[in-house]
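Labels A, B and C are assigned to the chains in the order they are written; within every chain, residues are numbered from 1.
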């Protein structure tokens, strides 16, 4: 019981620290949203000097509130679920924008990470089990894929497979001409098709890490006494590999997996730039470029939630699965 | 994109025995040699070659031209020599990589080792701080800090990347130190009245060297990839030459569209080769940390000079 | 425990499932294909990329600064259309005539007959009057600073009454104000915040469907211009980078887009159905912080240094290496030589020198008391003529231009260094005057009348001390000259072009000597078209509109002229 309380207290502290950072850091950025907006409008057409007053009124940015009272108001609003209005997409609320974009990012990158994890774990398990097989040669290759800059590989693949060979679409999340969003077969099929290449690039650039970790853990676990005992008992090799060795070897990978799920949003920015995928990463980039404090804070909050949430779940799960963790604390 | 490592404290600690320094060095396997040769040549390229090439920023009338006389790797869209840019970019990226590696190592070493050895309140507060830094998403910090300082240099980028990457290593080092602290020989030296710093330096640190070396290498790879990613979305040190900024300009100049492979491919390829070389070196370090890995590969097996049937027997047991 | 066992059995199964899903998706996707061109029913369709990146937020409110671009011009129309790409009289749209009174305080507008809103209701002058009153009553909507009330004297006449002489408001009022329907907007409670989901306008297209990644418009069958528009559907998409845009263009998936694509001619080689038009409109210049009395510091506060830079650069070389050869000569009067030659008083001021005049630059500096130091850079009273130029990181053409200029000016004896900043930091420095030199451009006023260049950029009213925020898109150079202020005010007080020309001649004489903004060239605005699905685009010889796909108002004009290719 004490263990769980400790954990939860820690996460409360971490969450508060993240919220505070999320509030202050965007405000440290130079410039203000009104000037940026007017300057960008001015590049596309005439903007009279009188526009500034109108836009300030509209956005409600003229505030003489002291920073501390703004901070308190921000905390109160967060707990009511009110994330404010976005400047870039005015008058849409931050929640609207997040609702529009988050599902795309989560579905694509979440799915790709899960596939990558399962594939990596499976291959790592086999590589650790069958020592000295051809799978061992696969290991350096997949690990090297991890060292390749993701966007470089993705751009080359897009150029070769989408531009040159027209096997995959060039941009977008689904076919905007043929499919309309909703729970229909055409839309889902189109979304899956458009997600293949992005997911593929994510998988090949991250599968190496899972494989390496799993293999090394398998090797360590296979030398334990209980494996020897299981062999002596005469159990089938396959059963030993999965039920005894892999089950124990996967523990560190599981925690790493949960942590990487938390970083799904963070990792999506580059992917969305390459594939013109309309997810939350590109919304974050737009927010940064427009000094859109509310939207930035909102998206950072989502990232914080997912990272902390994933960590908390893993910690709790670990405690359930591995009794030693509880004892160690 | 996860970079799971073998540096789970359980494993790192399990294989430890007090050993002589000769056993700390990795054995020269083909993987290690390849890694050292590749990374070594890239480092030499980055350190030495900028002195021999022309000005990377010099604009020329030629425009976008392929490899040819005078320009080994062709030119960019404004006639700048790609090969000179590559040399300067290598130097820039290596500076970032090593700076981040060193900074992250110092930070994680301080918060991990010192905290764990000191124990008590210091240990608790350091551990809390480390864990909080670990779960706070690094990306927002990186984005906002790098857009806050107007004139971005590679040193700022290196600093920001180091700030957001030391926490993971600190946690591992802390676990390892905690277990080492309770070993007999450490207790013995404490009891015999050795000064704290001497104990840390002589008893504890040597055992941590392989772990720290592995972390150092990972930090370098992470820094170079991170800088490349930041530059690609336009938040990098675009005034300086690094592999990331070269790719940024190549992408903006529509290099791939215009079939200018000589501009787009080399920087990314160098990142990949350097990262791969470092990973190979890391494999060898893994073998020190976890000696069971030494006997893993087929090539290692060959050294045992077993007969064919004995070999098959060995592999078929499982 | 159970969790893990099943997790591992599922490993191989999981991979198989994933593969099956992908395979079926590919099969299904084959059924749901579609692209630009003709849709299933044979209707004509074009795809436009207007610069939207990331997710699209629905906003068809024509008064909102974050509106979706086709709202103004394609869905809602102005009274008149002002073409910035060529010299032409304003083209009647929803109004057929206008007349000022002598004092410039009353504008009488005759509206067009036979126009209907897309919901079938008839359009009248009452809607026009309502629109102007709406803007006047809501300061949050009043981005033009309109100070007038309006009444509709009958169904075809609307009269605007201004408080002061307002001739200069004409292009804004007639060409930049979207006319909305009284019967719809009188029921909207918050006209500033409403996103106007079902826009009812008079324009050639109306909203068909909206999704966060793309939206489409369908033709207005009740449009007042008979036989137009001819293209049935217009679709707008979102793309993240210029690279993605050029890939889409080359693949034939975009019909109209505006992007500065390096090596455009090489890119379009071999694509017979791709064409482009260049409508240079923005004068790329070095903005200088010119006024020491308002707080500027640095060598550029001395007009002699600014003139030396002006004569020292080789504009032909800059155009070749940085502008892609697409830029055209600029004028020290900051007007466009090609379009505004009639407004330029002194023939010597029509174009800036296109090659380096090192001798002149040297003599100017020598006459002002500068001497060359041992490093080849001029200096005076111990201060070297060395300045820093600020530029937005990622604007590769600007960055290249600065690089070229730095080399050219070094030969003359002036040192130029550059810093790259993120957009918000750069913009913040520019508005507060915290720069020595900065790279930006001037142009695209409400009409081609010089008032829209001189008034915002050169008058004291639009500037402030260094450290305070100046009026947006205003006098960033901190230039303050009483004779210029007086001349601009005098020109604004009359509707007579001859008088205006005389006053602007005074302005030009001053600014050509002082050069607070040092013109480099008039930067290209490249727009690319695909002629497979539609023809009738503006061409270099027929610039009937300013065709940038991101420009408001002109987009409607272009869409009206397009004809589908059968």
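The rule is short, and it goes like this: a residue touches a chain if its C-beta (ideal position, glycine included) is under 8 Å from a C-beta of that chain, and two chains touch if they have at least 3 such contacts.
In this text, all values refer to a predicted model and were calculated from it rather than measured experimentally.
The innermost chain, defined by the distance from its C-alpha mean to the mean of all protein C-alpha atoms, is A.
With respect to subunit B, maximal separation of chain centres occurs for C (centres as means of Cα atoms). The geometric centre of subunit B is 46 Å away from that of subunit C, both derived from CA atoms. Work out the mean CA point of subunit A and of subunit C, and you get 36 Å between them. With centres defined as mean CA coordinates, subunit B is found 22 Å away from subunit A.
Annotation for subunit B: residues touching 2 or more other chains are 147, 150, 235, 251, 256-257. In subunit C, the residues touching two or more other chains are 241, 243, 247, 250, 422, 424-425, 429.
Residue positions of subunit A touching 2 or more other chains: 29-30, 155, 159, 163, 273, 285.
Here subunit C touches subunit A in the complex through residues 1, 3-5, 7-12, 14-15, 18, 21-22, 24-26, 28-29, 31-36, 39, 45, 53-59, 64-66, 139-145, 171-172, 176, 192-195, 209, 211-214, 235, 237-241, 243-244, 247-248, 250-251, 253, 282, 422-425, 427-431, 441, 444-446, 452, 456, 462, 469, 471-474, 548, 550-553, going by the rule given at the top.
On subunit C, the positions that touch subunit B within their shared complex are 241-243, 246-247, 250, 261-263, 266-267, 320-322, 393-394, 396, 400, 403-404, 407, 418-422, 424-426, 429. Taken together, the subunit A residues at the contact with subunit B in this complex read 10-11, 13-14, 17-18, 21-22, 25-26, 28-30, 129-133, 136, 140, 143-144, 146-153, 155-156, 159, 163, 202, 205-206, 209-210, 212-213, 216-217, 219-220, 223, 237, 240-241, 252-253, 256-257, 259-260, 262-263, 266-267, 269-270, 273, 284-285, 288, 296, 300, 303-304, 307-308, 311. The touching residues of subunit B, counted against subunit C in their complex, run 57, 59-61, 63-64, 77-79, 147, 150-152, 234-235, 238-239, 248-249, 251-254, 256-258. Residues of subunit A that touch subunit C in their complex: 29-32, 35-39, 41-55, 57-58, 86, 88-92, 96-97, 100-101, 115, 118-119, 121-122, 125, 155, 158-159, 162-163, 166, 170-181, 185-190, 192-193, 196, 242-243, 246-247, 250, 272-279, 282-283, 285-286, 289-291, 321.
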